[in-house]
Amino acid sequence: MIRAGIIGSTGYAGQELVRLLLMHKDVEIVWYGSHSYVDKSYSEVYGNMFNIVDAKCLDDNLDELSKKADVIFTATPQGYLAGVLNEDILSNSKVIDLSADFRLKNIDTYEKWYKIEHKAPQFIEEAVYGLCELNRESIKSARLIANPGCYTTTSILSLYPLVREHMIDVDSIIIDAKSGTSGAGRSAKVANLYCEVNESIKPYGVLTHRHTPEIAEQLGYAYKAAFIDANGTAELFTIGQKELSEGNPDSSALSLVFTPHLVPMNRGILATCYARLSDSFTYDDVRKAYDKYYKDEFFVRVLNKGVMPETRWVEGSNYFDVNFAVDEENERIVICGALDNVVKGAAGQAVQNMNILFGLPENEGLKMPPVFP
Amino acid sequence: MIRAGIIGSTGYAGQELVRLLLMHKDVEIVWYGSHSYVDKSYSEVYGNMFNIVDAKCLDDNLDELSKKADVIFTATPQGYLAGVLNEDILSNSKVIDLSADFRLKNIDTYEKWYKIEHKAPQFIEEAVYGLCELNRESIKSARLIANPGCYTTTSILSLYPLVREHMIDVDSIIIDAKSGTSGAGRSAKVANLYCEVNESIKPYGVLTHRHTPEIAEQLGYAYKAAFIDANGTAELFTIGQKELSEGNPDSSALSLVFTPHLVPMNRGILATCYARLSDSFTYDDVRKAYDKYYKDEFFVRVLNKGVMPETRWVEGSNYFDVNFAVDEENERIVICGALDNVVKGAAGQAVQNMNILFGLPENEGLKMPPVFP
Amino acid sequence: MIRAGIIGSTGYAGQELVRLLLMHKDVEIVWYGSHSYVDKSYSEVYGNMFNIVDAKCLDDNLDELSKKADVIFTATPQGYLAGVLNEDILSNSKVIDLSADFRLKNIDTYEKWYKIEHKAPQFIEEAVYGLCELNRESIKSARLIANPGCYTTTSILSLYPLVREHMIDVDSIIIDAKSGTSGAGRSAKVANLYCEVNESIKPYGVLTHRHTPEIAEQLGYAYKAAFIDANGTAELFTIGQKELSEGNPDSSALSLVFTPHLVPMNRGILATCYARLSDSFTYDDVRKAYDKYYKDEFFVRVLNKGVMPETRWVEGSNYFDVNFAVDEENERIVICGALDNVVKGAAGQAVQNMNILFGLPENEGLKMPPVFP
Amino acid sequence: MIRAGIIGSTGYAGQELVRLLLMHKDVEIVWYGSHSYVDKSYSEVYGNMFNIVDAKCLDDNLDELSKKADVIFTATPQGYLAGVLNEDILSNSKVIDLSADFRLKNIDTYEKWYKIEHKAPQFIEEAVYGLCELNRESIKSARLIANPGCYTTTSILSLYPLVREHMIDVDSIIIDAKSGTSGAGRSAKVANLYCEVNESIKPYGVLTHRHTPEIAEQLGYAYKAAFIDANGTAELFTIGQKELSEGNPDSSALSLVFTPHLVPMNRGILATCYARLSDSFTYDDVRKAYDKYYKDEFFVRVLNKGVMPETRWVEGSNYFDVNFAVDEENERIVICGALDNVVKGAAGQAVQNMNILFGLPENEGLKMPPVFP
């Protein structure tokens, strides 16, 4: 049995981790961490766990936890993990971080977008970006996983084949994303009250949302990889006007527009992505690219032609659905991707990362079909 | 023009008052009070009022306000008005209180249920309970109106004709009420977050909700009134086992069960009421009683036989819909009443009270049809 | 592997059966029946099953199916199963019927409430009412299970201990139930459109809902059982004014009031039940009764004192949550019970019945915690 | 009093017309048309109108109606009005058509997108596109108004100043629109059932939605108008590669991407629009353009810098809210516009058109503030 500890187990992502790990046959949860509810029974905080979880919430103590757990999940605010992480912890346990602390390779980018100092830059290099479908090999041997953001996973998986195959103009990418309200977390704010969210849709963080650089960086790697494939080197690699050197990880980040919206529903993210095709590609051409990367992926479903993703079809599951429509006349493409933000966009992907880290089948404990209605 | 001031204009009921008074041709709002948002532009707090209300929020100052306003609405927490009310204020302006401070005639009952000391018992006697359809005459000459609670208005109007006509066993009344979430107010609490309320229904305050004594007292008056009608005195009046004297206002309160529930919708209250008939009455017998009291009431709609109220049909309006089904075999009755909790259950009834106080047509500014969908 | 067939697999209950059976390690689905979608791919009808179910919908053919399946689930309209059931089918397979065809023992009651002729009265006697917690022993050896209705399961489990122990006046029972909209089924009706249901709550079928006689009959058995316990016979058994003989199964049915309401949410039923206590019982007295019947039940959770059920805490699971508040002064009780109408109220209980029928652990495939938010 | 008749008064837009006209002091509704509910009492179809509308639904008869009404609103399926309109009708009454029959000037475009033959092409030329803020002058003297679509009004008003001022590359326009479910109409379809829409967001009609050519045509006029302003003629006018002549109204249509989405809420449309700036404009530059066209418009609210539209702030009103964010570094702009699809997107704008046609203040009967929550 893998002994798992969760720091931040009383947020929505933390609670979903609890739910998923309870159903995982190879895992035992040894630590229900919650700074806000120390000593309170977990099932008082989450009534669904009554008679299922018989544990009290423990305060955050990563050092102690690392001695008891094989894997630690941190579903914590930005800055927490970087503030406490040390070499001992990483030698004791694997750490899967659901916050943004180790997602960006460029510390300046991190500090600029998150407006906090990064307290553990020494671990940035070794942290592996845990988007399982793309980085499976590196994850296997990692000690520290930066579990991707929910918008990020949706956006990257939606666009990856097109970017990786250089089938779109990379400076034309627009991502219009819509998220359920669980993505806003469980803290008490007027803006997230029922009556404020219900019967409304709103954009937020327009041109300033923190998931933007994460998407830009990861898609940049995909773009660059194709360049290297073709040229054997990235030396002369450029994106748009920028000249890039291999040394600067950030410099390959794409320039894109990302707009998140809040939708009156609990779960689910839909990303509607727009780009100009770099050539006169047909639906079938594009389809080939998606099949190339996704046809063997358990959790990625490229839908039948003409069927667009809807968040209801992935709810409660680790699936990511994707499809697209091509405007051949104008060489434009619309790509839609959908997932459950607390599963594939957070806790489910974290479990998937754990499975890879521990040599288990990647879908162990994650095979449940989506719940509808 | 009636000059109106609102203390507590940034709660949901306060904002609805603003909306209704803006549409009222005889009223000018002279004071947007809000302790929480002093000096903030009102339309920053409520974006719907952008370009419509060009005022800043003012701090609570009832004395000053009473010099500027003909009528003051207090949509404030329990205890506020009782803490500041004085004779000067009441001689300067009419006061319509949307809190519970002056709804209960028995101070002990108030202090027991609200767990706060009543700071202005000297005004309890003169305060008129502003359920317009029942107390219209007393309202006309009042200085201080205790505007009824939302659950209370729904429950009383649903049951009044049956109680007033002694057609039901008064110790058999059960009120199962369901409310939209605006009734919970606009303060930031985890329990009222979108994801906590959405996709769920829950009972709360079972056997302990504060609107219980208010319903019990008012229905008690109705019951007693019929007794007096018949006997010319209330001297020997009893309810159940209790022997009552005229002197003690509380002693005539009924004993009933009231259970509120929280429903995932913004507005609306539905009360499903149950009672045993005191004789073998038919639907038509009961109908006659409802028509007797309600057929000339603009805001009360007794629906066609077989049609039960639904909250969607009253949303945004001051209407109260009611109907019932009779189980003749078992001499039982189910009565359903519905209204919009922030209109007829709060701000709309407050405006209706204002209209009565100032000799205007009672439905002035309140004739708008319900908004659907 | 148990081979399972589903007639009516494209309704909401049918689809939930598919979901649950796919996660059940001992079951293989061999027949996706759907009269409305014959030959259509199942995953075109339910997009959540894309890449998971690779089968086409088959027309209804119970005879043929019974040769291929060990168990047949019929999630069909009233009258279907009674119209086609025969001895051969029952000797080939176990049948678990999610419709009402075999729930009522009195054929007159069935025909009166459902307004259709019963075509297979010869199987009524042997059919076992599949409320697992109450009828576990009879289920084990049954061939035909009448899987209870959703409102019924909620109501009976909420009240059973009180009725079985004669702790309440059985003619005082009032059940005010609230259901999510999946209970209304998946057929296209204006009344069930999004804009008609959203932002509203309504009562329906007041005093006439079809689940009433089912609740009345089953609670009647519980009441009668206690009488037999005490007297060794039911010969002089009466309920209220009615004198009952053992021969007439219907005659022991209670007289109660049941009011269902439609709530704007997908899943979940909450029943708020009211009764007069038959003696001056305390919370602890009542608690003992609930613990007596439920403390070893995996799926029944009697909550901690003061905590009332909320549908959000059972969603997606087979749990039934219950608790109550006692008004000692007036000898009244309010009992609240909650479950997921498509799981414990339909498909989940059907699987639980299957587990009992086939000698599996009763919670096999049903242990998943509730999904929140 | 203006005598108004409504054909199609039992759809959502038709009912909203009823609600608005009932509150309009200069209008009397003389005809409640409804092909589906002939002879049924209007208030049986819409319970909100109980005791308010005392009329039965009449069958569609435009000829007869035109003799009784000063203005006819047709809230009917595509093709209806074109199938029955004639010169007599237009000489008797003004006609305001809420369908798409007379919105497109190019008959081929109409027949291609709507897949029906146009039966009254002779009236296309004279029909005035009733987007009041843009075409006020032409509306005044029109006989036939083509009331714009809901997505169209949102999209055009969001982008008009930028297009009219040539501040964006017109071939870079992407409109990602999100609509409440009332836009899908009141007909019984599985896809619009509560459980199918709730807890989900989906794109639909990707690259094929019928509002696309309407937006493209109208924005094309705006673009061309600026060209004419500058050149005194449109002779050499081109958009992208297309060379255009003045004679062909369609040829000036822009090429743009429009993606509608269905959101789980009753009312509201949000359009998030993207474009490349044609020069290095700042927020203030763009602001000047919006103020130039909108600062005197009663129903258009350009929000304060940093505040983005949310549909909750316009619900129930005729307001259109708009704002934008500028990415100066990359010369890109994101524009967000919001309105209530059944008011400014349908019935409200129809009333606004009526006001203009009859010389009333344009906002008569439309001044009510948005309803929140």
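As written, the chains take the letters A, B, C and D, and residue 1 is the first residue of each chain.
Basically, contacts are C-beta pairs under 8 Å (C-beta built on N, C-alpha and C of every residue); 3 or more make two chains touch, one makes a residue touch a chain.
What you are looking at is a predicted structure, and each value in this text was computed from that prediction instead of being measured.
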{"item": "Selected pair, greater C-beta contact count between B-D and A-B", "value": "B-D"}
{"item": "Label of the chain whose CA centroid is most distant from the centroid of chain B", "value": "A"}
{"item": "Distance between chain centroids, defined by C-alpha means - chain B, chain D (Å)", "value": "40"}
{"item": "Separation of mean Cα positions, chain B and chain A [Å, integer]", "value": "49"}
{"item": "Contacts with 2+ other chains: residues of chain A", "value": "12, 182, 195-196, 198-199, 264-267, 310, 312, 315, 373"}
{"item": "Residues on chain A engaged by chain D in the complex (per definition of touch)", "value": "174, 176, 178, 180, 195-196, 198-204, 206-207, 255, 257, 259, 261, 263-268, 270, 272, 274, 308-312, 315, 325, 327, 330, 332, 334, 336, 373"}
{"item": "Residues of chain B that touch chain D when the two form their complex", "value": "12, 15, 19, 22-23, 46-52, 182, 199, 266-267, 301, 303-304, 307, 310, 312-317, 319, 321, 367-373"}
{"item": "Chain C-touching residues of chain D, taken from the complex the two chains share", "value": "12, 181-182, 184, 186-190, 192-199, 264-266"}
